[in-house]
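Taking it in order: structure first as C-alpha cells, then the write-up.
For reference, chains read A, B, C and D in written order, and residue numbers begin at 1 within each chain.
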Amino acid sequence: MMNEIGVKQACNTLFKHDIDALIVIGGVGSFHGLQAIKRYWQGQVIGLPGTIDNDLFGCDKTIGFATAVHTATRAIDKIRDTANAFDRVFIVEVMGRHSGHIAFQVGLSCGAESIFSFENYDSVHHEIHLRELIEQIRRQQKKRDASYLIILAENLWPGGASALKAKLESKGQIESAICILGHIQRGGDPVSEDSVLATQLGLGAVESILSNDDNIMLGYRTNQLSKTSLKEAVSINKPVDESLRIAHKSQLTDYLK
Amino acid sequence: MMNEIGVKQACNTLFKHDIDALIVIGGVGSFHGLQAIKRYWQGQVIGLPGTIDNDLFGCDKTIGFATAVHTATRAIDKIRDTANAFDRVFIVEVMGRHSGHIAFQVGLSCGAESIFSFENYDSVHHEIHLRELIEQIRRQQKKRDASYLIILAENLWPGGASALKAKLESKGQIESAICILGHIQRGGDPVSEDSVLATQLGLGAVESILSNDDNIMLGYRTNQLSKTSLKEAVSINKPVDESLRIAHKSQLTDYLK
Amino acid sequence: MMNEIGVKQACNTLFKHDIDALIVIGGVGSFHGLQAIKRYWQGQVIGLPGTIDNDLFGCDKTIGFATAVHTATRAIDKIRDTANAFDRVFIVEVMGRHSGHIAFQVGLSCGAESIFSFENYDSVHHEIHLRELIEQIRRQQKKRDASYLIILAENLWPGGASALKAKLESKGQIESAICILGHIQRGGDPVSEDSVLATQLGLGAVESILSNDDNIMLGYRTNQLSKTSLKEAVSINKPVDESLRIAHKSQLTDYLK
Amino acid sequence: MMNEIGVKQACNTLFKHDIDALIVIGGVGSFHGLQAIKRYWQGQVIGLPGTIDNDLFGCDKTIGFATAVHTATRAIDKIRDTANAFDRVFIVEVMGRHSGHIAFQVGLSCGAESIFSFENYDSVHHEIHLRELIEQIRRQQKKRDASYLIILAENLWPGGASALKAKLESKGQIESAICILGHIQRGGDPVSEDSVLATQLGLGAVESILSNDDNIMLGYRTNQLSKTSLKEAVSINKPVDESLRIAHKSQLTDYLK
C-alpha cells in the first residue's frame, strides 16, 4: 500500500502545517512508513507500539495486545460452554500475524488443551504434530469430561482451521467444530491495562520529543520506559515469553495424564 | 441421533425413578424426543422453549434467544470499529438454523446495511439479490463513511459467507472480510431478559403440572402465558416479526439515499 | 428546573429554525416540558419513552430500561460471588424513582432472596416487614449456603440501605454489607433489546409525524405500536407486571422452605 | 477472626489428612494465618498473592488486582456517560484497604480529573487539599465540557465520599453525586492477565514445593518469578508505581490548564 507518491503526500502535509515532530501509534507497517517519511522530512519521529499482535521488539506488550487477548478469551469462554455441554472438540483460530503472542496468552488464560503456534510447530514435522494431537484428543475423550479446545495461530497450519478439521476427521475419525474469531479481536473497549499503558507511553512520547529523541520507539520493558530504534523495533524478533510456553506444557501434561 | 433404543432407555430411566412428570427445556429436536417418549411412557410432559434460534411456534421469544442476539451484537460492535476505521465491507454470518429471527434482530440492533435471510431472499432471484447488493455497496462507498455490514443467516446463501465474499469480488470487484460468529452465540451469561423469562416459565411449568396439563409447550405471547401443543410448537412456522423487517427496510432506504 | 423563561427560550429556538415537529425521547420531566412548550408553539409534538425507570404509561418498556436492568444484574452477579464465598447478607439499592420496575426485574433475574419495593412495602407495616425479613434471613442462615441478597428500591425505606443495615444489626444482630449501584445503571452500551426498540420507535415517530399525530407518546404494548396522550403517559400509574411479583414470591417460598 | 482455637483446628485438619505442604492464595490476613499455623505444624508453606488490593510486597501485581481495576473502570465508564451528559461532578469511592494501587490504576485508566489516595493526601493538609480541589473543579466548570470525576480511596477521607460531598457543597457550593463501588470490585470473571498470572504462579508453587521452599510467597517482579519471605511480604510497604503518579499529575495539568 505504501508507495513513493503516498510518502511524498504525507511529507507535503507535514511541511504545509509546519509540523516539528510526529508521534505515530502503530505496528510494523506504520513504522516502515515512518522510516520512509524520514527520507524527505527531517522532523522528529517517535513511534509508540500499537498493534494487537505484540510483534514489536523493545516492549513487553504493545498497546491493544491485552485487549485482544481478553476479547478472545471471553469469546472462547462462551464456546467452552457448548464444548463442555456436548463433550466436543473445538478449533479456534486466533490472530497474531506471524507470532504466537496472542495464541499463547489466550491458550493459557482459557485453559486450552492444545496451542498450535509458530513456537511449537515445525512444518517438517507436520504429520507428527497431527498424530500427537489425535492421540491426545483420544486420551481426553476416554475421560468423562471430554471437551477439547485447540487454539490455532492464523497463518500457521496450511489451509487453516478448516484444513485441520478435515484432517482430524479423515485421519482420526474425530469430529470437531471451528471458530475463526477474526476482527472481533481488533475492536471494542480497552482493558484497563491498555488504557494505563497508552497513557504512560503518551506522556513518555511528549517528554521524548522535548528531549530531542528521534527515530525511536518507546515501550515498557520489565516496568521501565525503554527506547529502541525504529529499525530494530520492526526487524528484531521478539519471542513469546518462555514462561508461557512452559506453563502451557505443564498444564497439558497434568491435564492429560 | 434419536433412535428407538435411546427412547426406550430414557423411558426405562423414567420408570425406574418413578417419575410422574417431565419438564424439558429445548428446541425442535428435544420436543420430537419428548413426543417419542410418550409412546412408551404415560407421565405428563411439559416443554419450555429453549433454543437460541427462536424457531418455535407459540412463544414470542425462546429462552436463550435474547442472549444470543446480544452476544452477536456486542461482537459485531467490535467488528464495526475496524470496518469504520478502514471503510471496509464485512460479511458476518449468524446462526438461526432455518429462520431469520437472529439475523433480523442482530441486523437491526447493530444497524447493518444489509440483512440476508430466508424472509427476504429467494433462491430464484439469487442473481438479482447479488446485483442489488453490489449496487448498494457501491453507492455507499461513494460517501465519506463507507463501511458496509452484511448480516448473513447461516444455511441461506449457497456456500455461505466465503461464497458471497468470492462473488462480491468476482462480480463487483468489491473486497470484503468475513466473520463466522459460530458457537460464541450459544454460550455465556444470560441477559436479564432471558433470566426473567426462564424464571417465569419455570414457575408456569410447575403450575401446569399441578393442573394436569400434558403434551404442551408453555411460552409468553404478547405478555400472556400461553399453552401450545408440542406438535404445533415444532410444526407451525413462526415468521419473523413484520415490524422488524419494515424497520430494517426503512433504515436501509434512509441510509443509502 | 423548568420555568417560564426556559420554556420561552425553547420556543424561540423552534420558531427561529422554522421547526414543524418535535420528537422528544425522555421521561416524566421531558414530557412535562413538552406540554409547557405547546402553550407557546403549535408544531407537532411526539414523545418517545426514554428513561431507565420504566414509569411511563402506554408502553410495556421504556428505552433504556432493559439496559439498566441488565447492568444492575451483571453488577450484582459480581457481588453474589463475595456473598456466596462468605455466606454474607447484602443490601443492594437500585434505581427506579418511585416505582419497582427495576427492583423486580433485577431481583428476579439475579435470584434475590428479598425484593423491597413500593409494590410490596407499606409504611404502616414497617416494623412487620423488618421482623419478617429478619426471620427469613435467620432461616436462610441455618442452611449451608447462607448468602442472602436484598434488592431495595431507592426512595422506599426511610434512610435507605444504610438505615436498613443498621436496623438488621440492632434488631436482629445480623451483619450485612451495602451497595448503592447509583449512576452505573444510567450509562453504558445498550442491550440489543433497547437498540431494536429505539429503532422501531424512531421509525414509528417519523410515520406518526407524517400522519399528523400530535401530543402523543408512542410505545409498544403487547407487541403492538400504541399511541397514548402525553398527559396520560405521565399521569397514569403503570403497575409492575403482576407475573413478576408472583414469580418472586413463589421463588422465595420455595427457596426458604 | 483468627484465634488460637481456629489455628489449632486448622493444624489438626492438616495432621489428620497427612498433608505435607500447603499452598495458600490470599492476602495479608491469610498470610498471617499461615505464619500462625507454622507454630504448630511443620509442613511446607507457600503463599501466592491473591487480593484485589495489590498490597503485598514481593510481586508487581497480585492475582485479582487487574480484574478489580478493570471492573471498576468499566463501571466508571458508565458513570462518565451521565457525568458528561449533565456536566456533573462525581465522587467514586474505590477499594484498596490502605493503599492506592487500585485508586491510581483506575484513576488513570478512566482519565479521572482527581485521584485522592494515601500517596498524595496528608491529613495535616486536609483543608488545603479541599481548597485545591474546589479551585480545580471551578476552573473545569468554566469550560464547555465540565464533567469532573474524583476517584477516592476507601479509608482515606474522614467520613468517606459522603463527607467529601458535603464539604464540596458547604465550602464550595459545588453539587456532586457519589458512587461507592464496593464489592462489585471483588467478583466477576477474571481478565486474562489474572488468569495467566494465576496459572504461572500455580505452576511455580508446585515447583517451589518440589525444591523444598518454605515460608515464602511467590510473585512476578519485572517479569521474573521471585521469592519473598511471608513475613516481608506482609510487613514491607509496596509503594504505588511512581510512573502512575507522574502520569496522573501531568494528565491533570494538561487537562485543567
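Here, contacts are C-beta pairs under 8 Å (C-beta built on N, C-alpha and C of every residue); 3 or more make two chains touch, one makes a residue touch a chain.
Since the model is a prediction, treat every value here as computed from it, not as a measurement.
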Q) Distance-wise, how many Å sit between the C-alpha centres of chain B and chain C, to the nearest whole number? A) 29
Q) So, what's the distance in Å between the C-alpha centres of chain D and chain B? A) 43
**Q.** Separation of mean Cα positions, chain D and chain C [Å, integer]
**A.** 32
**Q.** Overlap residues in chain C, where contacts from two or more other chains coincide
**A.** 77
Q: Chain touch graph shape: choose line, ring, star, complete or other and state it.
A: ring
Q: Give the pairs of chains that touch; include all such pairs.
A: A-B, A-D, B-C, C-D
**Q.** Touch list for chain B against partner chain A, complex
**A.** 71, 75, 77-83, 90, 177-180, 182-188
Q. Given the complex with chain B, which residues does chain C contribute to the contact?
A. 60, 66, 69-70, 73-74, 77, 105-106, 108-111, 189, 191-193, 195-196, 199-200, 203, 222-225, 241, 243-244, 246-247, 250-251
